[in-house]
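Two complexes come next, and they have one chain in common, subunit A, joined by subunit B in the first and subunit C in the second.
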Partner chain A sequence: MTNNNYDEIIELLCDRLGSLANADVNITAETNLISELSIDSIKLLNLIMEIEDAFDISIPINALADVQTVHELASLISKIKSAS
Partner chain B sequence: MNLLEKLDAAATARKAMLPEGVGAFGIPVEEVYSATEARIGERRVLLLGTNNYLGLTFAPECIQAAHKALDTEGTGTTGSRMANGSYHGHRALEREFADFYDCCAGIVFTTGYQANLGTISGLVGRGDTVLIDGDSHASIFDGCILSGAEIIRFKHNDMIDMEKRLRRLGDRTETTLIIVEGIYSMLGDQAPLADIVALKNKYKCTLLLDEAHSLGVLGETGQGLSEKTGLQKEIDFITGTFSKSLCSIGGFCVSNHPQLDQLRYISHPYIFTASPSPATIASTRAALQLLRNGGNLRKQLWKNCTQLYSKLEETGYKLGPEPGPVIAAVLDNPKQALQIWQRLLENNIYVNLILPPAAPDGKSLVRCSVNAAHTTEQMAYVGDIFAKLYNEILQT
Partner chain C sequence: MSSTITKLNAPLTQAFDFQPSSETQSIPTPTKNTLAQQLAGFDTLIGALEYAAQGITGYNFYDARGNLRSVLPYSLLRDNARNLAQRLSGLELEHGSRVAIIADTSPEFIELFFACRYAGLVPFAMPVPVNLGSHGIYVQQLKGLLESSQASVALANLDYINFLEEAAEKITGLKWIGTPGQLSKLPIKKVALQPNQPNEIAYLQFTSGSTRMPRGVVITEHALMCNLKGIVRNGLEITPEDRSASWLPFYHDMGLVGLVLAPMVTQISVDYLATRDFAIRPLQWLKLISRNRCTVAFSQPFGLKLCTMRARESDLKDLDLSCWRAAGIGAEMIRPDTLRNFAEKFSSAGFNEKAFLPCYGLAESTLAVTFSKIGSGFNSIQIDSKILVDKRMAVRLQAEGRKSNEFVNCGKPLPGHIVKIVDEEDRPLEERMLGSVLVQGASIMSGYFNNPEETKNALKPESWLDTGDIGFLYEGDLYITGRRTDVIIINGRNIRAQDIEELAEQQPEVRSREASAFGVSNEDGSTTVVLVIECRLASPAERHTLSKRLQQLVYMAFGVNCIVELVPPHTLPRTSSGKLSRFAARQGYIQRTNLDDQLAVVESGDR
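For the complex of A and B:
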């Protein structure tokens, strides 16, 4: 994937998060990554690396500190992709 | 959840991992007999979980120097380097470190942790980038957080991943600080420094090398990985600690960039703390001389490292990729690691237990630290007990 269309990013994230989540949750843009999905930190870091490669970006660790929901992660990816 | 309830939740999680009564973390050492032996509870144990790589904690030269400084300069400086805390010894030690690394500038910090915190937060700030190894020590990570720079991690020792991330930075590489370590504290492996230097030059970055675990251990005179690889002149900043091979407490940064001196005026971890005590500085200066001339100590250390690493490898333990003073057995889960750790202690051997999330990639480690004062017989005993536990715990 090479573009930074927000909807496509959301779609990719929901798909990947769905396969990683331990809980049976309907994942939407407003889903909370930590409290609702029960994904451990290592799986989440691996997912971030996969996303970085998919969009050919690097996501600063400190930017992730402000990310709680799928929407916030998608917005961050979109912002970094636009700036690169 | 209020603040105290958050602490209660963390305590519950910790207790779930470590049953009550198991004191693996912060174990009380009652008496220290030598560089290799101490008393824990009623047991006289072999110390295999310290960072005393050259075995100098009881070196007479260091003890005498510390005594003299206590008698003549008192117990503490009671002030910052910025105010009244820059004694003759602090300035002399800075010159001695600069001379040791053939650099033009050196700064002494109160702890090794602060050396990384103070150097990193002084060198980079908002709008800059730090590119750090995924297995970086907490002092590096915390220094990066304090700096406000963007933190990008690359996969541990993975040069393909590192270059990918440099390429993605585009023209921001000129304001990027790469930070790597001579020897990594978890698995004891070394950074591929020649490849890192090549990338640093290709992308015109600045490079900081933390020699905390490699000082005294690698290189002919013990400078660390920079000396072992002959790449001293390619490293922009070298940091390190006094609390491992130098057997005291404190830290340093050296550089051939004269701008290093400016950190004294902008680096909070340097400014807003008391300077090291005169006795600490005096013993460190004596230890640095012993370290520089410690070729035989390094030979003995490496003999011990190779002996234990080979025995554990031959037994079947999963280890870090190369022998060194840090030898970590990687276990499948925290329960296994805890069992091995407890049984080692029952056999009078103290090692470090490292459980997730402290260890990288969710690993559970039983980590040995070898030193030059260990004897061949002690190494053989430790190897034999590890082999016995492998058969009893991991083969069942």
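For the complex of A and C:
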């Protein structure tokens, strides 16, 4: 994977998460999706749909079990994207 | 062996982004069968499958984009299941040994389920992980299920096998663990597969995600056959023109019994969408119904809500839902507005509101208890709120201006089943009186597996099942008004309050019996989980950290946000025996936060 790809993903994620999250949090790669952003299941589904459409990928549900931070989500997307 | 099983050995991304290739059938099984329809009435599941296998109908699996991914006609299911059963037989397990299967929406799960029955083993479905960051808690949950069931064999496909292996590490009774692909490489044992007896256990159904005390409902072949017969003959009035579509998880009773087994015992075809794919793109379900002219499809109210929320006007013109004659609604309290909003949104797409079919049931009664009358839509009743609260009695609203509650008619019990309403001392109540809902009949479970204590709590003398729900009978029809406070229903999922409290009590700062969890209703009808903790920490920073950590843990375990309230010791109300009263804790919270309009009585019944 190229750095470019990862940075692009981070940028998109931070942008989307900013509009989804309740709190006025400065979102970075280290931001915890659960404890800091309160992303509930409905918001999460919306986010996944947007990610899948934006990157034309399919995110397997089992992989989300190991995702807690923006960085982990971006790495997952980047990994799936480069494998497809 | 089926091509679907070899496909599982492909790398993960391929399993998900599978492109239709020449090796898969590109045509779903037809609606019209070549075989005369028999509407249930079989002695055993295997008896039903042997019959269905003579026809050309079966199960079809679609991917997130609506492409047909695999086809499993009942005939192929029979052959594959028998083949796998002979490989399972080589493991030399005792008759009735439990087989744990992580139940992804896949042909492999169904093949394994029936393979177990052919081999005289008892299958049960385990959930897939659904929450962000849930790895650790999910593994704990699997461990609890393996222990509680004393499983001898555990199976998961490639996507989930690592979780299963992790969970199985310290489990002693397991004789074999692997993927369906690995099972299909075990040697075949040439044994004659013995027919099952109606009184033997057909499967276990786990009803709670609790890590410490999961409860496995024991359902016999007889109970299953009895419930299925009621569902397809009396509830749905299935005909040879019927076809089902479903996104319901195979590890839930409605998904497994209602949308896998009921279609099979009537030899009709089903089109499946994985739950995850439905949750992300709910319209795919409606597209499937529209495209394949499906007539029977069930959902929790929450699923309908998702569809209503997500549908855009541009989606509607491509849909023709006029074929959908039985839109079954169950598994959680039905709010009339959810149905009205759905009907309003989709009437222009041909949806007929007469298709709404509210029903009531629970895994402890196999699946179904009552069905409203098919083809008549949903009916509801306006009940005077004050009389309901003061006298625990349902009286139709007489005068304008008084506050009322609207409840949905869930219909009458299936033949051979009786519903009664009792008070706190288990004394039967008259019609229209509010109380606990009890059920008696042939579909009732034998008990919770290996759990006499919980069984005793649920099964009263003369095999009356205490459903844990609160409601009343009105002209013989059942109306559910709420759950007892030990279960919180949120986004269509049942969460046991005890499970949340246990999670909190595992934290070093929280003592046992000092956490209380319950749900409070929001104005829009949704529910919020509240966790009240008696806390001795003085430093604001420490208190903040604890709150955050608890919220995160609850999220990882249950996928919901919660409100954590830290209160001084001795704030939570206790019963005379020192037990926390969730009902009183909830009342206290409501008072502290000035939430009015929380109709205490309709959701009460805490014991």
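As a working rule, the second predicted complex is superposed on the first by the 80 of 84 C-alpha atoms of A that agree within 3 Å, B and C clash if a C-alpha of one lies under 4 Å from a C-alpha of the other, contacts with A are read in each partner's own complex, and residues count from 1 in each chain.
Criterion: a contact is a pair of C-beta atoms (placed from the backbone, for glycine too) under 8 Å apart; a residue touches a chain by one contact, two chains touch by 3 or more.
Quick caveat, the model's predicted, so the values are computed rather than measured.
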For A:Ser38, is the partner it touches subunit B (first), subunit C (second), both, or none of the two (neither)? second
Using the touch definition from the top, say if A:Asp15 reaches subunit B (first), subunit C (second), both or neither. neither
Quick check on the superposed pair: does A:Glu30 touch subunit B, subunit C, both, or neither? Answer first, second, both or neither. neither
Across subunit A, the partner (subunit B or subunit C) reaching more residues is C
Contacts on subunit A seen with subunit B and repeated with subunit C across the two complexes: 40-42, 49, 57-58, 60-62, 84
Would you mind writing out the residues of subunit A in touch with subunit B in their complex? 40-42, 49, 53, 56-58, 60-63, 84
Show which residues of subunit C lie in contact with subunit A when the two form their complex. 11-13, 15-17, 64, 128-135, 138, 159-160, 163, 276, 279-281, 491, 548-549, 551-552, 555-556, 559-561
Interface residues, subunit B side, partner subunit A - complex: 129, 144-145, 150-153, 155, 164-165, 168-170, 357, 361-362
Using the touch definition from the top, list the residues of subunit A that touch subunit C in their complex. 32-35, 38-42, 44-45, 48-49, 52, 57-58, 60-62, 64-68, 80, 83-84
